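Same chain, two partners: chain A is paired with chain B first, then with chain C.
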Partner chain A sequence: MNDHASLVQFSIAIPLVAAFLTMFVKGWGRPAIQIVSVTGFAIPAILALILWGVYSPETAGGYAFVSDMETGLSVIGVSLHLGLNGVALPLFVMAAIVGLAAGLYAAQSNAENLHRYLACLLIMQGGLMGVFASIDVFFFYFFHELALIPTFIMIGVWGGRDRSYAAMKMTIYLTLGAMLSLIGLIAIYVKSGANSFDLITLKAALAEQPLAESVQNYAFGLLLFGFGILVSLWPLHTWAPLGYGAAPSSASMLHAGVLKKFGLYGFVQVAVPLLPDGVAQWENWIVWLALGNVLIVGFIAMAQRDLKQLIGYSSVMHMGYAFLGIAAMSVLGVGGVVLMMVAHGLTVALLFMLATMIHHRTHTFEMEEMGGLAQKAPVLSAFFVCAMMASIGLPGPGLANFWGELSIFLAVYEFNPSLIFAVVAGIVISAIYGLRSIAAVFFGKESDDFLEVQKEHAVVDMGWHERVPALILIITLFFIGFFPKTVTTGINDALKSEAVYSQTAAATPAHDHEH
Partner chain B sequence: MSTELLQQIAETNRWGAIYPELALGILALALLALEAVLPKFAHGLIPRISILGQSILLGYILLFDRSGCCSGEAFGGMLSFDGTGQAFRILFLATSIFVSYLAMVSLEKREFPRIEYCHILLVVSGALMLLAQSNHFVMFFVALETATVGFYVLVSYYRTSYLSLEAGLKYLVMGALSSAILLFGIVLLYGAGSNPALEGSSADPLNFSNLYIFLVANPTDMMAIIGMLLVISGIAFKIGAFPFQIWVPDVYQGAPIPTTALLAVGSKAAGFAMLINMVEVFEPLKAWMYPLLSGIVALTILFGNLAALTQRNLKRVIGMSGVSHAGFLGMGVLASTQVEWATNAVVFYLFAYMLASMAVFAVMAHLPKNDDAELTIDDLSELSKKNGFLGFALAVGVGSLAGIPPLAGFIGKLLIFVAAFQAELYGLLAVGIIGVVISIYYYFGIIKSAFFEAWTFKDEELEEENPGVPGETLQLFGKLAIVVAVTGTIILGFWQGPIGTWIAG
Partner chain C sequence: MNPEVYAFGLLAIPLLSAAIIACCLRRNGAAASGLSVGAAALILATALHIIFRVDYIDFNTPWFEMGPLSLGFGFLVNDLAKMMLFVVAFVGFLVHVFSLGYMKDDVNKARFFGGLSIFMFSMLGLVLSRSLVTLFIFWELVGFSSYMLIGFYLNKPSAAAAAKKAFIVNRVGDFGFLIGIIMIFWTFGTVDLVELKTHFDHHPEAFAVPGLTAMALFLFCGTLGKSGQLPLHVWLPDAMEGPTPVSALIHAATMVAAGIFLLCRTGFMMTVDALQVIAWVGVVTALFAGFTAIAQRDIKKILAYSTVSQLGYMVAGFGFGSIVALNSQGGGHEHMGQAVVTGGVAAAMFHLTTHAFFKALLFLGSGSIIHACHHEQDIFKMGGLSKKMPITFVTFTIATLALTGFPLLAGFFSKDAILAVALQASPLAFYLLVLGAFLTAFYMIRLWGITFFGEPKSDNADHAKENGLVMTVPLILLAVLAVLGGYKGIYMGMFSEVLDGLPHPTSGEHTTILIFSLLAVIAGYVLSIFFYKLGAKDDKLENTVPALHSVLSKKFYFDEAYNFYVAKIQQRVASGLHFAEQLALSGLIIRGLAGVTGLIGIGLRALHVGSIHAYVYWFVGGLALFYAFASGLF
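Coming up: the complex of A and B.
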């Protein structure tokens, strides 16, 4: 199995190399830049799919495609240890696919200094591939930051309204989150006494001798708020809608779709398995704050008039479900979270891309100034309806999201039945704002403002250059929706090997719900 | 003094062991000689010869003498050589090369003589190297004063600019004060350590090893404690630690860019070389010293970052951010009392800081504005558009100063944080995080000005005096220096290789 380890390394290195190359081919004109960068996105996607194909569930629980490389930080037990397990692989593939879609879309944009724009996006992509492929906790963090920095630059340079303020607010919030989680990780490293940042070594050491409860307590607290800020946990979420609103669409796609999953992935793979007592201590906090995400942010989302802000808030809201699933601490709940992370990543990326396509036609994000777009652009409206239904979690186009959310709801019900009311209320809320946005944008009468715009710019439907990236995302969504077992088997096997998750009795595996 | 003592001292004179310092001294004299010999039109070569000579020396040390050819004491216990000392030598030499390059660029713009500058710079660098390896308070003080006197000249080098003169005067007054404090501390230690009534006293208590033996025997001697306090205060002045940072903004602003760079990197690093030694010597007084240092470190981080928030002048921002860096480095020094490799982490941080600062100063030197004391953040506006190369260098430098991965500055901060955690300095870590988050604001301001397009008020009349294009003065040679600093910063962020092994000890 380790024969394919180099494929993992290539899928991280190729986007970074391509980013470097764009600087040199800029003189050869736009097509050269586009070819180089699209290749930089396409190869990792192909490699990720190959890895998915050859990954056999027998090795699940452990890591496959493992490689280890010294980079010089042996003094603190850091080495570039790469590999994928059942939880990491689906996210790795999702990152590659969303990256390809975002890259294809970005390559056609008319951004100023296209080569720099694409270079930033490629660096982000390299970091994202690295995040999910890292077994070493330090590099896990390191790759996250590598992907994060270009986001700030892209918002500041190519962003929309309020970009300067948004970029600064996001930078300060996320730096705080990153610093808190860094100290939390250092705490685990120092207190474990294993002299290693390696996740496997850490797990083995802590399984033998768990950390003292007080240490687990504050380390988990640091990680909860550190990762929490990065995942936009209420009430530390305010950077997210603002930042996504201001970011160029490809950056929003990659950040909201993939990079934000870093924090959740950190909970699933690092924080919860290493600090089980800490979770028990903070469980109530997680639940209450997550309810804040679902209900309060849900109501805020209902009040939005701006399409991009609406999608931003809806993405923050869905993070609440993920936190609830983690709090349940069962294979079912956490497995649902991982599946939802994959599905949500694809969905939210699709939504941000479609929102920008709508903007190209209406020249506004204000939903009141749109209306009736379905007559002029039926394909676009079909895509958007699919994406929004998926986001709400309705069975059908949103089957993948549905399976994830359903598993979470079942786990939450087992964990604390009274919470189910809040969760169901959340579904209603998201149905209200989702369907209302579809109605406002695509149906009804064309607003006067939209008619004004149409006088100057004729509205055309989606061309193939727009359909291809959208199709990539939507086909993947459908595939996971109809064949969830392809994803969940690996997730379940990996989670069952973790003592923390498998202890919970009566955990029904998620793939039982396959139809 | 008996002839025996002199003989004994002469026997320990190992001139070969201080070849880098001697080489710098000879080079410094050679520059003056060349000025007299060479025809006028060839004078432009002399700074280049200086850089070349230093580069050869640095290359030799890096290739053949990385860990230091000699160890142990020499010159009658005046100097003591070890791996850390050698690392500081490399640091000072590299700093000196970058500063020579900065001097070449920015002094040429103002048409000030460059040969004298290079001469004094070499002498100062040699003195800083000796300072880092001193093992005796006499050597310590003489080396320090040699460097400081050189600084007095370098700070007020723009003799036609009142800001530079003001900076020179302030540095002179404050420097003299700090020297006096330091000297008074040394004298108190001498008095305490040579008191024959006390156990462990010796005829030569100014030698660090003798002083250590004395302090172990008398950890509560009040005179020694006050002496320690004063010596640490004198060092705190050099590194710009709170509450001795008051000279930093004005002096940094008024001094020529190369001098500011030398103050920010060389002087600060020398201060830390001293502090690392002193922390070991004063270890028996830890009941007093650790709380004192912790307080200084915490306040330095907070003050430096908060004071930098409101600055618009570029050199002042960098100066105040340097104050906060002194705090982080101090955290590393404190950790080194518990964690062995923390000393090496401090050295690594200093290297990362040096590379990043040099990249930023090099960008500043290539900005079109003539009077570098008045460079503000607004002068950077649209830098990335006007000159992408300088913009990128600035971003990497500032990013590394801010401690953003994947740059060297992040690895430096990480190592210091891990060491501090192992040393259980939780309170300082909390302050450190707050400091990092605050610092993002002003570093971000610099990046914003250089990269993000902003609507600016364009005054028609002001437009006429065309400020020129940034990077006009950039030559191939200058690009090389910036490329070295930038690639060094990036590579050290990804891959530390043998340096990492060295840190582990």
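Coming up: the complex of A and C.
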């Protein structure tokens, strides 16, 4: 047991308790529900920041804040084993921050049955905190499902256009993805013979006695397509823009920002370290499909007219970078992926939230029916420009995203130099669709439709109730960008302790003269 | 105090100014402009302190580490950076002051001055940067601030389009720049300019590294974008949609010169092959833009093409100068590190500096005219302004003469330095650049004669009055430098590392250069006045040789070609892929693969029914097949 281990447990339990309270306590008015649910989001965020603060790099490599709880499933080697290492911690913090922003925003929404809406969101939050804190693979999976189910409900009940179709399609895809990955994880469990779902035990067992190549081959294949669906690997991504387009904004924020990272996190912490030979076998598949994400989906994003769909596609596109970073199998590449996951989570959550704020003013997501919003809502436009620039990796607001992308680009070049043109082309593609959306929504003249809308709903600029959640995300992005070491030290230590990630130093003739 | 404190100060001043304006002064234009101008003054003072009192800043602190990648945040202030710093701080300050008058009545003044502060922050960071990655970061940030300022007039669709175009075209250049950085990292293990320089000085064999030419040319891609070289020049004339002070500061004097600065910073690792390409791109750009400038009607567009042309001169000067320096080393690469710094860098940076003075002056002068003529920009609707705006007229005339290379003014010396290295490296390039000098004189006198002489050709021009001191004093100060900037003496030895490298042509070469450049300038003046007549009412070229005029005024159809690409190719590919995805990915591939298993009939029925169960089976079946195919079962 570790001094702060209980904080990890609390940050998972508190949202769930708050969800229970908002859902079942009768007779609470709107303010009470709001206070309870916001508390349910705020406490994990505070705890996560405390953990981030006290986490000392010396403990890295291994895990800190470890606790182990008996669950009655010890027969099959399952226990609630919680803890954070250098890779998990930044994601844990990101999940808490995005959750707080999404919760703050959702608590003020005018959704019907607000208490149920918030309860769903709180359950998601509890699951998300659990995903990144689990050392036990079974619970890692369990928490993911815990967060996934409320997502479907939220889309089906509170969703926008095409919600039932989107909910159905998303449910099918994601359930299937989750099932495939579950089979893959079970295969590892069975074949390892360690009789444990504990990641640390599994790693130790497989380091001693690696799985046969054929086993690794099919197990990794299962995980690749399972996680691949969850992370929207091309061509299994079509659920993502559709689902995000239909989902209520807070659900999109949490899913696209955080929950989707489950699959990538699974690659980084579980699939790649446990199945290195499997990766080698499937490497080309990862690369080619990921190029589909960057190039094909990037082009498709250019053709979007719906703002939310555009953000959805851009998010899918960025997942291509993540897969490429993983394929590189180096500390640099995978570290870049972890950093990008954090930055992307914050950015895409911000974008979805701002898109909804735009919708409140224009009453549409069609970009052609907007225009000229910058004159009416300059603060909103400043936030959106900032968020979009972060998304396209412009150093400044997107400095954190830039560090992630730069690391991945460098790793890809080391992995296979000929890929570099296709990959770096992404920075041009994303600039094209990103700037188009800014121009269409904020610049130029107001469209006729927008003028029509304004006759009934006067446009007001962003109020503080909207600025605060957005600022939480932006400040975190800036902080990580300007002080990347607060995150990368832990990531480096954790990844260097994994033998599978190569650490080839760059040929360093430039330092020769010093010797 | 440690010298790096001043460098941090240089960054902190404009950043604070921008932050305060963004947070507190958005609705208080007066306070915002005061703060921003105050910040610019402080920057100038700090910069001058660094230039005069601080010998050299070499500072580095760890910033980002990931695996083998270790990047620092650091400053490298040598004479090259000092020279650029002087240009940025000095022109920046004058433009800030001028803007007080120019933007006096704009309701969005706070946003304008906030943007200028962000620009100053980014530009100073670019100049001070010690590593290629931090340089790239600030490089992107200047692009961003330029984007925001070009699109300043929010409700003008043309401004929004121009801003977007500028950013995207620059990103195309940055695409290459970033690849260059990545290659350099994996080849030399560092992107730190000091470490790279030391490495090249100590290891001449580094020039034999395969791909070094490619690396240099990839870095040059950044210059293509930022400094508007062919074929990425298209954004710069459009960028004139921004407020005129922005054009003067960003799109004439400083940011567009950043590409030249990048070349000079990395000159020590350029190979002869790369330099040949770079130099010739510069020559072609200089001529192309010179021809295009002849047929423009918008005063700012003429000046913009002139800027592109002069940037071409700088690029050519850098390329040829460096080649000459290498050749004087016996063609080998041995011990050439310092030689490059003294060869091309001197010619390019000298012209960059004098050009910053007179081109900023020309833009501010045009701003003064546009302001007085109520935002009229067509030179054929001006005329007769010499009497109405005497200070603007005199300063503009000085700048025109300086730009065209009138003897003993600033441009005369700096352009001759470039001609000198061109003559030594390639006589053909020399004659082409002389032709460019002729073109410069020709289009500038056309602009000057039509704008200032004859009768006013519109009511706006008729009512024009000279502007107040806040706008004319910066003009006068810049005019002084446009006269004196070509004399090395006025720099009091501050930038000696750079300026000592100016070419010393033999007396024979000297005579050739003098004769040809004087002939070109005089021919340009005389032909222009003779052809257009002072104060012409319409474009004589259009009336006499319409075919030529139409090619030139359409700028050799570059925009048409790019628009065709964007609308007819890129957008169609995007829409086609989108359509294909809607159709194929959700419909055909996943379901169709399942269909292959012989379930077509059931499939059609199930599709028809549209039940959720059928959909699940299809999907699972299709995916199983996809998986089987992928894992090599077929």
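Rule of thumb we're sticking to: the second predicted complex is superposed on the first by the 497 of 515 C-alpha atoms of A that agree within 3 Å, B and C clash if a C-alpha of one lies under 4 Å from a C-alpha of the other, contacts with A are read in each partner's own complex, and residues count from 1 in each chain.
We take it that a contact is a pair of C-beta atoms (placed from the backbone, for glycine too) under 8 Å apart; a residue touches a chain by one contact, two chains touch by 3 or more.
Small disclaimer: the values here were computed from a predicted structure and weren't measured.
Chemist: Tell me the contact category for A:Gly156 with respect to chain B and chain C: first, second, both or neither.
Modeler: first
Chemist: Once the shared chain is lined up, is A:Met389 touching chain B (first), chain C (second), both, or neither of them?
Modeler: Touch status of A:Met389: second partner only.
Chemist: Taking the superposition as given, does A:Leu176 touch the first partner, chain B, the second, chain C, both, or neither?
Modeler: both
Chemist: Check whether A:Ser56 is in contact with chain B, with chain C, with both or with neither, and answer first, second, both or neither.
Modeler: neither
Chemist: When the two structures are overlaid on chain A, which partner does A:Gln209 contact: first (chain B), second (chain C), both, or neither?
Modeler: The answer is neither, since A:Gln209 touches no partner chain.
Chemist: Which chain, chain B or chain C, ends up touching more residues of chain A in the combined arrangement?
Modeler: Of chain B and chain C, the partner in contact with more residues of chain A is C.
Chemist: Name the contact category of A:Asn284: first (chain B only), second (chain C only), both, or neither.
Modeler: Neither: A:Asn284 stays clear of chain B and chain C.
Chemist: Is A:Ile420 contacted by the first partner chain B, the second partner chain C, both or neither?
Modeler: In the superposition, A:Ile420 contacts chain C only.
Chemist: Looking at A:Met168 after the superposition, I want to know if it touches chain B, chain C, both of them or none. Which is it: first, second, both, neither?
Modeler: Both partners.
Chemist: One more residue to check, A:Thr488. First (chain B), second (chain C), both or neither?
Modeler: The second partner, chain C, only.
Chemist: Which parts of chain A are touched by chain B and by chain C alike?
Modeler: Shared contact residues on chain A (touching chain B in one complex, chain C in the other): 168, 172, 176.
Chemist: Would you tell me which residues of chain B are touching chain A in their complex?
Modeler: Checking each residue of chain B against chain A gives 341, 399, 404-406, 410-411, 414-415, 417-418, 421-422, 429, 433, 436-437, 440-441, 444, 447-448, 451-454, 494-501, 503-505.
Chemist: Can you check the complex and tell me which residues of chain C touch chain A?
Modeler: So the residues of chain C touching chain A come out as 22, 26, 62-69, 111, 133, 136-137, 140-141, 144, 147-148, 151, 154-157, 159-161, 163-164, 167-168, 171-172, 174-175, 178-179, 182-183, 185-190, 192, 195-196, 198-199, 202-203, 206, 570-571, 573-575, 577-578, 581, 585-586, 589, 612, 615-616, 619-620, 623, 626-627, 630-631.
Chemist: For a test of understanding, state which residues of chain A touch chain C in their complex under the given definition.
Modeler: Residue list for chain A touching chain C: 168, 172-173, 176, 217-218, 221, 225, 235-236, 238, 285, 296, 299-300, 302-304, 330-333, 335-336, 339, 372, 374-375, 378, 382, 385, 389, 394-396, 399, 402-403, 406-407, 409-411, 413-414, 420-421, 424-425, 427-428, 431-432, 435-436, 438-439, 442-445, 484-485, 488-489, 491-492, 495-496, 503-513.
Chemist: Which positions of chain A touch chain B when the two form their complex?
Modeler: 71-76, 138, 141-142, 145-146, 149, 153, 156-157, 163-164, 167-168, 171-172, 175-176, 179-180, 182-183, 186-187, 189-190
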